[in-house]
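Naming follows writing order (A, B, C, D and E), and every chain is counted from residue 1.
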């Protein structure tokens, strides 16, 4: 076997929950080259965003990606609000933080489980997803739906968290935290896990910046950059320090996400603690006229929405730049030279979200 | 109920294909496998290989590029088989009804046996959907159909 | 409206002529700015293209105007990671990009089965393919 | 590995986390977004719900004084609920069940209920 | 051995064993589920899987591969019969290896790249566990003076206390043969959450896949029988040793990630083989004492 074998990795592949195709050339079990073939999830949401009413778009953009759905909605709402010059009530800002961070917890737990499954650690996958269900219950209790929680609306939020629910969250999160702590210790301290992740797919900090990487991929390479530092919603009033790990390998990226789970729990509790009274959503008249750009931190990294309004109920342009889109070049730069067995692990280490990427 | 019907009811092997979904339904399908819902109680396992599967769970509104992939996967599955469209998008296109690259529902491409509602479909509903589909699967004829010739199989493989 | 006056959330927009685009982008590269993405708007006669960069959590932009029918120089020589978005421009706006590092030739996200590129204003909602996708 | 060993042994010795479903389904959350139904008693057939619906699941025919609702297009976002000024849209926490055929639900004013329903347009 | 005895044992090996194997496989799945905090499938699940696979229509597996799988199944049955009839362990190993090679040849005959890659890994697995089994046979020979399984069965003293390393290598062999972490390199059982999908079985479908499932049932019983040679009298102690090895491999499966083939080869040849040899040296040196 001296000549290269071509393996079409995907679009339907059990390790990948989503249809992306990586065309991989292998020499024995070593990857020579990997190129993505996209387009299996491209729906045309940017165009649909111009055809819909700008308020209906909130529901559309939530479905760009189901895993970070509410964060998409938040980014869109922030962009439209800033284009319209709307002031969001304080309570809505804090409630947004609660939901966004709950969403981040569920997304990161999902990632940790999927990564474990990528290297055949079934029981670890099951454990993470078992705990994740408790966060999903919190989301369903407060927002009425498990995955696509649909809480953001232009001007504020659509639902309230009452005292009873806030108490449930405050009681539940420390228990979840304890279990996650135990599992994260088991995951990050495990010999077999270290063998499969440490030193795999190394991206240096400078390379990550040059390739435009964002989010945990960037922070896993030791670059402390997190859009929450920019202080949208209520983040400016909450204590916030980005989590970084220096090594730039799969292990570091996993560790960043693991510790961000704890950080998010702290943020949820802090936001509930300081939850001000007040309106849920600002009333508004009129339509967006003018352009605005909003950058928020989704679980996978920096998410950017740019809206251009023209004074009608339809937008002139809705532009979405999602985190995975920015992380793919970094992924492609590390795949050549990997073993084939490491391809799923390294691919998952950027936590790819293809439905985001292709919109 | 004879033995074969009972075995079919008790051993649904699942293939999951994401035909352009937002991931919401996909993670809910994965949730079905996990301890809280544990679909393996019903003998279901996610096999990830069309040749082994009995139940095809499709999510998403089906876009132009994966239409062919979906059709091939359906072709490669051996009879008897059922198709479960999971979620609103897979049933009718849902929120993507005016997206240019979407066909709007799995039933535009392959015959669908069960529609599972929800955006995203809840794990309980997905389990109910699979069970509902199995009732249909068990009743399918047990008569063997001549297998695909190897030349045809190769053609399908080449297209994949 | 044929061009953006100002964009909320973008610190400054620097106009660059088409031939000076690469130089302007390279200046950001030299300042170690992180390339975010490019955004294209269909402005009738021409395209308005914004290249967004991150400088310490601030967003800055280089803007250029591309008359329809002309070719766009690729920035992949400066920022390699631009290849994704430039392929997207080819697909969705029908812009031809010169010197693209990894070129999918208009088959990146969609195969060219539409009469007009999907994101152009003239393309309407009832967009259906005009020919079969080549297999 | 030792830590994981403790974890799996604890699992083996304690009750499984699995919810008994479908034998004993768990109650839905009070505020769950589930079943959308229409109550046409006060409905003016203004079509605000259909206009706000992001998926086109609702079709209001004023002349027939009927609402055609396709539940398998509905994403249960609740936009219709917020749009309706007459309280005609209801949302309950129940889950909608999977089916073999996609139905089209037809709603009319209670007094016109006696009339024969027109054939389903989507069926 | 009388003819009745032989007939009874053959009946045991060919007819009763698969049912036992089915229950063991079911137990394996149930236990794995419980370790993961789930309820898991019923014990008889493998049986329903088999019936369903047999009733599937339109097998797309190539005839050649199906023939290879029939050989694989047959070799497993014959190997088991050889052990239960007290036959020569070396012959048994040869037959077993023959079946494994048939399986590999079948895997290589399929065109899919997953099948190709998976089969290469399968070959490496064969290279890892085969020497361990040969050393086990040699160990038994050094104590009983014979390669016949019957010699081990008739021995009154347990072999285990003098051959502790072989229990560990057997657990590894269980892991490799039953496709468990960290050795589930070529294919994973039941769920193909693997970069090579289901490796050599990627192209196998319907009734042909049922053959593999059936062969798997025999395989489990065979492995338990091999382990039970280490404590052959009373026989229930041996069976307990076998089940203990199975249990250990299930637990290891649930506390370890899948590793790579290079790790497996290193483990096999740099750890397990030298340890086996050390144990053999000890057995050789104390040859007179044990008798």
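Note that in this section a contact is a pair of C-beta atoms (placed from the backbone, for glycine too) under 8 Å apart; a residue touches a chain by one contact, two chains touch by 3 or more.
Keep in mind that this is a model prediction, so the values were computed, not measured.
Touch-path distance (fewest steps) from chain B to chain D is 1.
Touch-path distance (fewest steps) from chain A to chain C is 1. More contacting C-beta pairs link the chains of A-D than the other of the two pairs A-D and B-C. Averaged C-alpha coordinates give centres for chain A and chain B that are 27 Å from one another. Rounded to whole angstrom, the centroid-to-centroid distance between chain A and chain E, based on C-alpha atoms, equals 43 Å.
Computed from the mean C-alpha positions, the centre of chain B lies at a distance of 34 Å from the centre of chain E.
Centre-to-centre, using mean CA coordinates, chain D is 52 Å away from chain E. For chain C, the set of residues touching two or more other chains reads 109-111, 118, 123, 125.
Among all residues of chain A, those that touch two or more other chains are 8, 13-15, 39, 42, 44, 47, 51-52, 59-60, 63, 123-124, 126-127, 130, 133, 145, 148, 190, 192. Shared contact sites, meaning residues of chain D that touch two or more other chains, fall at 1, 4, 8, 11, 16-18, 54, 75-77.
Touching chain pairs in this entry, ordered by label, are A-B, A-C, A-D, A-E, B-C, B-D, B-E, D-E. For chain B in complex with chain A, the residues that touch the partner chain are 15-28, 30-31, 34-36, 46-50, 60-61, 63, 65-66, 69, 73, 89, 94-96, 98-102, 119-120, 122, 160. Within the complex, the chain B residues that touch chain C are 64-65, 68, 98, 100-101, 159. Residues of chain A that touch chain E in their complex: 5-9, 13-15, 26, 29, 116-124, 126-127, 130, 190, 192-193, 195-196, 339-344. On chain E, the positions that touch chain D within their shared complex are 31, 33-40, 251, 254-256.
For chain C in complex with chain A, the residues that touch the partner chain are 1, 4-10, 32, 34-37, 39, 41-42, 52, 57, 59, 79-81, 83-85, 92, 102, 107-111, 118-119, 123, 125.
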